[in-house]
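In the two complexes below, chain A is the common chain; its partner is chain B in one and chain C in the other.
Entry: the complex of A and B
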């Protein structure tokens, strides 16, 4: 992974330079006009969040049942990313909602459930920070339960028929407007690669910290 | 020979109920707290003419249930911690999942005891026709309680070891159980419409069942590693 880190960082940087240019050049959507361009990054953040939640859930299970330290670091790092991308997604969604629904905040099913998801991972970080010794296990429980509720968040808009666009929106977009569809996935890929990058960097930091702790302990003895 | 799952669960339940019948501490304090909650809400949701805000009753009922449930969860495990009996329970030659199931059953019964008093009270104070479809209401409350208590029992048990358990329990429990509360409130609110919207309530009952299955499976699965120090 170390060898791949720098090339991957360069690719992601290039993608994030290219994405705004491509978004600026993309056609205006007929009803939302300029505001529709929020969608490219809004959708992409939630894709990145989905990846981070998946990593957090799987890593939490591995840590809880196998006790692998590295799995715990991955879970913690991805929980932090969940909070960051979640907050970003809520902000961009709020901007979108101002134009589409006329209000900054709407208590529709998807928004409520997404906020809940961000709160879950904030709780994860909190129990880790304030839980005292052994809190890694407690936070792992939070990660598992959080990841388990994520599919409900995804399906919430289909079941509750609220005003947030349904999950089929991406399918119809591919048929009606392939240019935008491609761009959305390009942005999503950029965000997902960024997630991987941040995850690897964060886990590396945690590994160094753990090694430092071990060295301190060894020096004291 | 290790005793069976059901035997252990029932023994733990019997123990909890025996303690509770002696002191009645949790049921009384929880009930009093729930009543106090409802009173506070009445100041917020009853307009000047003495008419409650439309549809507020469902939310009030569920928030009172969730808050008082958290209180009961904290107390049940504080009792176990105080006399170091949780360790004894975990050391017993029985499956941990069965211990969890026993504690969960006790929790559900205690919350149900509160709800039996609380629901008619909210119906009375807020003119809410809760009992137009009694079976659907019982299903909503029952499934909601199981969902809330299944996560709550697991989290309260695992937090026993930490110093900040009183603060952490609500912080962890509420975000995870929000879907259950939403389903409960919306389902109950649908029953309060005139005429009651049965299909809506049934949809929420279905969702609650899905949540219960997911939460119970996960809790039974993770209780053992979570309680191992």
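Entry: the complex of A and C
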């Protein structure tokens, strides 16, 4: 992975340079006009968040039942990414909502559940930092429950009809407006690759911390 | 002077609600600052996050070096 890191970073950087240019050149949506352009990064960030949640959930299960140190590093790293991407997703949604819905915040089912999801992963990080010895296992359980919540967040717009667009938006976008559909998946791919890069960097940090802990233990003995 | 100005301003404010007459007086929320803020926030968030990772890795490396030096001095 170390060999792939630099070429991947170059590809991701190029994609993040190209994405805003393509977004600026994309056509306006008929009712929302310019503000709809927030959608391209807003959707992509939730895709990245979904990947991070998946990694956190699987790694937490592996750590909890097999005790793998590496799995714990991946879980901790991805939980942090969940918070980062979640914060951006909520922030960009709020800005979009200000124009599209006329309010900065709406206690809509999707928005509220997404906030709860981000708070679960924030809780994961707090438990890990301040929970003392054994907090890794407790946080792993939180990671599993956080991941289990994700499908409910996704389906919330279909189950409770409120103000947030339904999941069918993406299906109809592909049929009605293929250019926008391609662009949103291009942005999503850029975000997912960025997630991989950040995950590798964060796992490296966790591995170094673990090595430092081992060094301290060896020094005490 | 100031009190007469306040009175003049207050007199211009209509009492109660009035309907819009003529023209297209619709409320406009400018979209451009919202779009720019969204993308700028993402850029700043990423720069900040990468900086925190770099800083934390640097701190662990410093601690490792300090520990190795202490170990070397003991020997």
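Here is the rule we use: the second predicted complex is superposed on the first by the 220 of 221 C-alpha atoms of A that agree within 3 Å, B and C clash if a C-alpha of one lies under 4 Å from a C-alpha of the other, contacts with A are read in each partner's own complex, and residues count from 1 in each chain.
Heads up, the rule we're going with is that contacts are C-beta pairs under 8 Å (C-beta built on N, C-alpha and C of every residue); 3 or more make two chains touch, one makes a residue touch a chain.
Bear in mind that the values here come from a model prediction, so they are computed numbers and not experimental data.
After overlaying the two complexes on the shared chain, residue contacts for A:149 are found with chain B alone; chain C is out of touch.
In the superposition on chain A, A:127 contacts chain B only, with no contact to chain C. Look at A:215: by the touch rule set out above, it reaches chain C but stays clear of chain B.
In the overlay built on the shared chain, the residue A:182 is in contact with neither chain B nor chain C.
When the two structures are aligned on the shared chain, A:13 is found in touch with neither chain B nor chain C. In the overlay built on the shared chain, the residue A:113 is in contact with chain B alone; chain C does not reach it.
When the two structures are aligned on the shared chain, A:99 is found in touch with chain C, with no touch to chain B.
In the superposed pair of complexes, A:135 makes contact with chain B only, with no contact to chain C. Across the complex, chain C meets chain A through its residues 29, 31-32, 34-35, 37-39, 41-42, 45-46, 49-50, 53, 56-57, 60-61, 63-64, 67-68, 70-71. By the touch criterion given at the top, residues 64-65, 112-113, 116-117, 119-120, 122-123, 126-127, 130-132, 134-135, 137-138, 140-142, 144-146, 148-149, 152, 159 of chain A touch chain B in their complex. Against chain C, the residues of chain A that register as touching in their complex are 20, 33-35, 37-38, 41-42, 45, 84, 87-88, 91-92, 95-96, 98-99, 102, 194, 198, 201-202, 204-205, 208-209, 211-212, 215-216, 219. Of all residues in chain B, those touching chain A in their complex are 151, 154-155, 158-159, 161-164, 167-168, 171-172, 174-176, 178-179, 182, 203, 207, 210-211, 214-215, 218, 222, 225-226, 229.
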